[in-house]
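Below, each structure is written out as structure tokens.
After this come two complexes, each holding chain A, first together with chain B and then together with chain C.
Here is the complex of A and B:
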């Protein structure tokens, strides 16, 4: 791969990260009445000083303690301090409600969100790719039309409604899967079979409900595969007498999946988005739930921290996708602006 | 070169000398090409018919329905009545004695406002940015616009919108729609840009450039026309996303409950454990059906439009295109 492209792409990533950090800083400043006013009630309630006169200096100090933003200082100093504490000290602020560093809270929940997120992506795309491929092979058959309508219908069901239906049918009516928490209440965390199976069982319904997001890929896959099927090299491969499975996998499959690769990695942004609603429905303590609770409590430092981490994860995923694409699809000369 | 070919060639470039068609004839032709021909195809496309019918019903619900229904308030009717029992509350009542159907109807106009604002912002910004960027490929303008788009693509949409709405607490449906649109334009803009890049390479655009037509009129006549179907298809898909996301914000209880919304109904029912209390179930299920049906219509519509705006199919159904042009 071209070193210049890697350099350019890395620069782009770093820049995007800085813009996002700046954006969260700007959001603090854009709060009605400024960050001190917006967090005042919350901070006072937590520090037990309801009513009475408020020492403004003390309040500003506390805002700085929680959010790394001191409203007393000039804007550029605030911005410098904000960047400094975030990037050099790794300090994302402190949760007003829980009193713990935001970074700690996030580190505790990130693995769980990534766990269900990655499996949702894997499941959703595997199913939709296979479905799309089969639909393409049986183009214009009954199966194709029924599956197409099915996929269109699934696309019209919001994932959270799907989650609610799953909770009702598989969780409540038939009690096949647990419907809240990350693992059973009476299960001790550890490398035991009981714990592992409990984790998997608790993750099943969230994973399936988020996986539904990826089903739109089936129609794209179908379109790609139909186009590839009409190409000469597929006909040549068939005429050469290659095994059908080999033609299907190496010629048709590979060439119709490749254009979707980057789209998949961007899909992680969608899956991370959906964790906010899905984790709330399943009372699954991950990043999404952390963000949701922070909104209800007006816990702004946690809110900004989770937004930042969500973005960073997506940023890395797309970065990796872009850099590896050249290896996966040798036809693409990376760095061409004519995509 | 045969005589017929030469004649065609002359007609193509002879705009100035020829007597222009009368205003009404031109109007008729435009109408036929842009409105009637697509409609004629639409009638033969079952997806378009189904989608059109459903959306028409929702439109009626949002206009005539609101006028017919009574504004729901607590204690209107007996509490927790089942559906299909009484004409005053055909879908039953909720925990506070409000008619579920009336609440669903009263939520419709605001939903349309959100969809309208969201689709305009998402598709409008995407079209402008994509066109600009595609035509100024390689310039700093292109670089900056695409960088901006890439940055917004990277920020997961729902968390971003949640943070923004949590801070600004919008109540106006148009503003909610605009907020939702912010996160939807970048992906579209990128696609518009790549479409523009490929259209730019087409010979007829190149021909216009050689003939010295200003960039603005090339954009307007050659490129925008090509992109129109694409934009309409995406407006429909964006509408579906606006429904999904706005309802999820209300369902989560993040947007203020000052208006009626299907998500508000779902939230209240879900908080009261409607899943385990069967008498509360209609409160949750009917809004869900309403949402799914409307999204279904938009998805179908986008699929149908994809087919309808297929130029070849369109030419067969247009009356003002004569056979000579057809065989071209």
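Here is the complex of A and C:
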């Protein structure tokens, strides 16, 4: 791989990250009424209820403690302090409502969101790749038409509608799967079979609802596979007497999945954003629910922290996709056309 | 060259169902390919040449249907009826007995796999010994003036057009087939590269005792390598004979018109000739001789009676009712070898 290309992509990623951080900071300042202002008013109101007098310096300190922003300092100083505490100290502020550091809250919920997110992506894309490939092989058959209509339907109806239907049918009517929480109330966390199976059972419905989001790839896969099936090298491979399985995997499969790879990595962002609604529907305590609740409670530090993490994960996914694409498609990395 | 037959084609027909009816792209063709000869099949685009070649491997693309008989006679062993093989037998037959080099080698390789993987998988899927086969592959590549290690380590896009074409030829010889079909193998190459490919083919033909079937619309090129030629017009062969006989004593008006239109490097563009009339349509049925709408000699008989291939001399057949009069009536205006003799 070209070192200059890596350098360029890394630079782009870092730049994007800083733009995001700056944007997050600007949001702090620009939100209606201003979050710092709002926080100040909130603390004032609370202390007013208790009846104590308010020290203005103390108030500003409290606001800075919670939000990492001191409203009385000049903007550039605030910006510098915000960056400094975020990047050097890893401090994202403190949740107004839960009183815990935002970083701790995020670290507690990230694994759960990754868990259902990764499985939803894996499930959704595996199904769509297979479905798309079969549709392409049986182009214009009844199966192709029915599956196309099905996939278009699944993608036209918002995934959260399916989530609600799943909750109603499988959760409430038939009680096949639990409908809220990350694991059963009476199950002790640990490396026990009971705990594991409880985790998997609780994750099933959220994963399926989010997986539906990824089935749109089936139509793209179908299109790619039909195009590749018409390519000369597939015909030559057949004339070369290669095994059908090899032609299907190495020739048709690999070449039709290639263009989907980037889409898959960007899809991580889509799945992450869908966790916001899905986790709320299933009362699943992950990043998505953390963000959703933060919006409702005006818990700005948490909101900003989760937004930052979502952005970072998306940026990393695209970065990794760009850097690894050359290994999957040798035509990319060896050419000097990246300049 | 021995005169025993390697491939025998009888009554071969390829049809496609299309909206306006049935498209007959090969019409009841008979042809013998002799062992260790180089047979050139020449004809204009869309005359059915490639379909004949694909039929030899039972590889006519869907939804085309093939009928008739294709019998392959191995050097040792029983004759094989190619069109009756089951899928697994057909898979083994392809490339082990009859291999094919396509036009456009650039698109014949899997773009995401190295050349080495192409060679290796071919050996594996045919149950050949891989290390021994790879050694053989390297030798063949060397004979084609390629650096084996460099080529094997490359990906297809890293090779030039000529190198890809030679690599594909090497790959086609990997399993030691007896027959090699070449479908416009020089189409995308420049003149110098065409010439060097022809020279290489001449060389490997001797080394590997190959039977070559060379398909092209480039008549002057074919004269440099073919022992015999079969001229195709309107989805059937109209004349089959030895190369010199065809060039100097052709007995079919179409062949003679084709020879006359062959330009060479000194032909000014405004003097390039064409054959009058339109090329035949595979869906429409032409009664009588398929060439009669364009033939200067067409008579009453040509409109109604379809001529079969008739013997002109030994090893010379032409499908023309008036083949005896053709040489005097239709002159050949060019040096038929084109640039070949210069």
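The definition used in the following text is that the second predicted complex is superposed on the first by the 314 of 339 C-alpha atoms of A that agree within 3 Å, B and C clash if a C-alpha of one lies under 4 Å from a C-alpha of the other, contacts with A are read in each partner's own complex, and residues count from 1 in each chain.
The working rule: a residue touches a chain if its C-beta (ideal position, glycine included) is under 8 Å from a C-beta of that chain, and two chains touch if they have at least 3 such contacts.
In this text, all values refer to a predicted model and were calculated from it rather than measured experimentally.
Overlaying the two complexes via chain A leaves chain B and chain C side by side, clear of any clash. Of the two partners chain B and chain C, it is B that touches the larger number of chain A residues. By the touch criterion defined above, A:62 reaches neither chain B nor chain C. With both structures placed on the common chain, the touch criterion links A:96 to neither chain B nor chain C. Once both structures are fitted onto chain A, a short way to say it is that chain B and chain C open up an angle of 70° at chain A, using Cα centres and rounding to the nearest 10.
In the superposition on chain A, A:168 makes contact with chain B only, not with chain C. Legend: residue contacts after superposition of the two complexes on their common chain; A:106 is shown touching neither chain B nor chain C.
In the superposition on chain A, A:12 contacts chain B only, with no contact to chain C. With chain A fitted onto itself, chain B and chain C come no nearer than 9 Å, counting C-alpha atoms only. Contacts of chain A with chain B, set against its contacts with chain C after fitting on chain A, share not one residue. Interface of chain B with chain A (complex): residues 137-138, 147, 150-151, 153-160, 162-164, 166-168, 187, 194, 197, 240, 243-244, 247-248, 251-254, 266, 270, 275-276, 284, 288, 291-293, 295-296, 298-300, 303.
The touching residues of chain A, counted against chain B in their complex, run 12, 15-16, 19-20, 23, 27, 30-32, 38, 152-153, 155-158, 160-161, 164, 167-168, 172, 266, 269-270, 272-274, 276-277, 280, 288, 291-292, 295-296, 298, 300, 303-304, 306-307, 310-311, 314-315, 318, 337-339.
Against chain C, the residues of chain A that register as touching in their complex are 231-233, 235-243, 246, 250-251, 254-255, 258, 328-331, 334-335. Residue ranges of chain C in contact with chain A, taken from their complex: 57, 59, 61, 91-96, 99-100, 102, 104, 107-114, 121-122, 125-126, 155, 157-158, 171.
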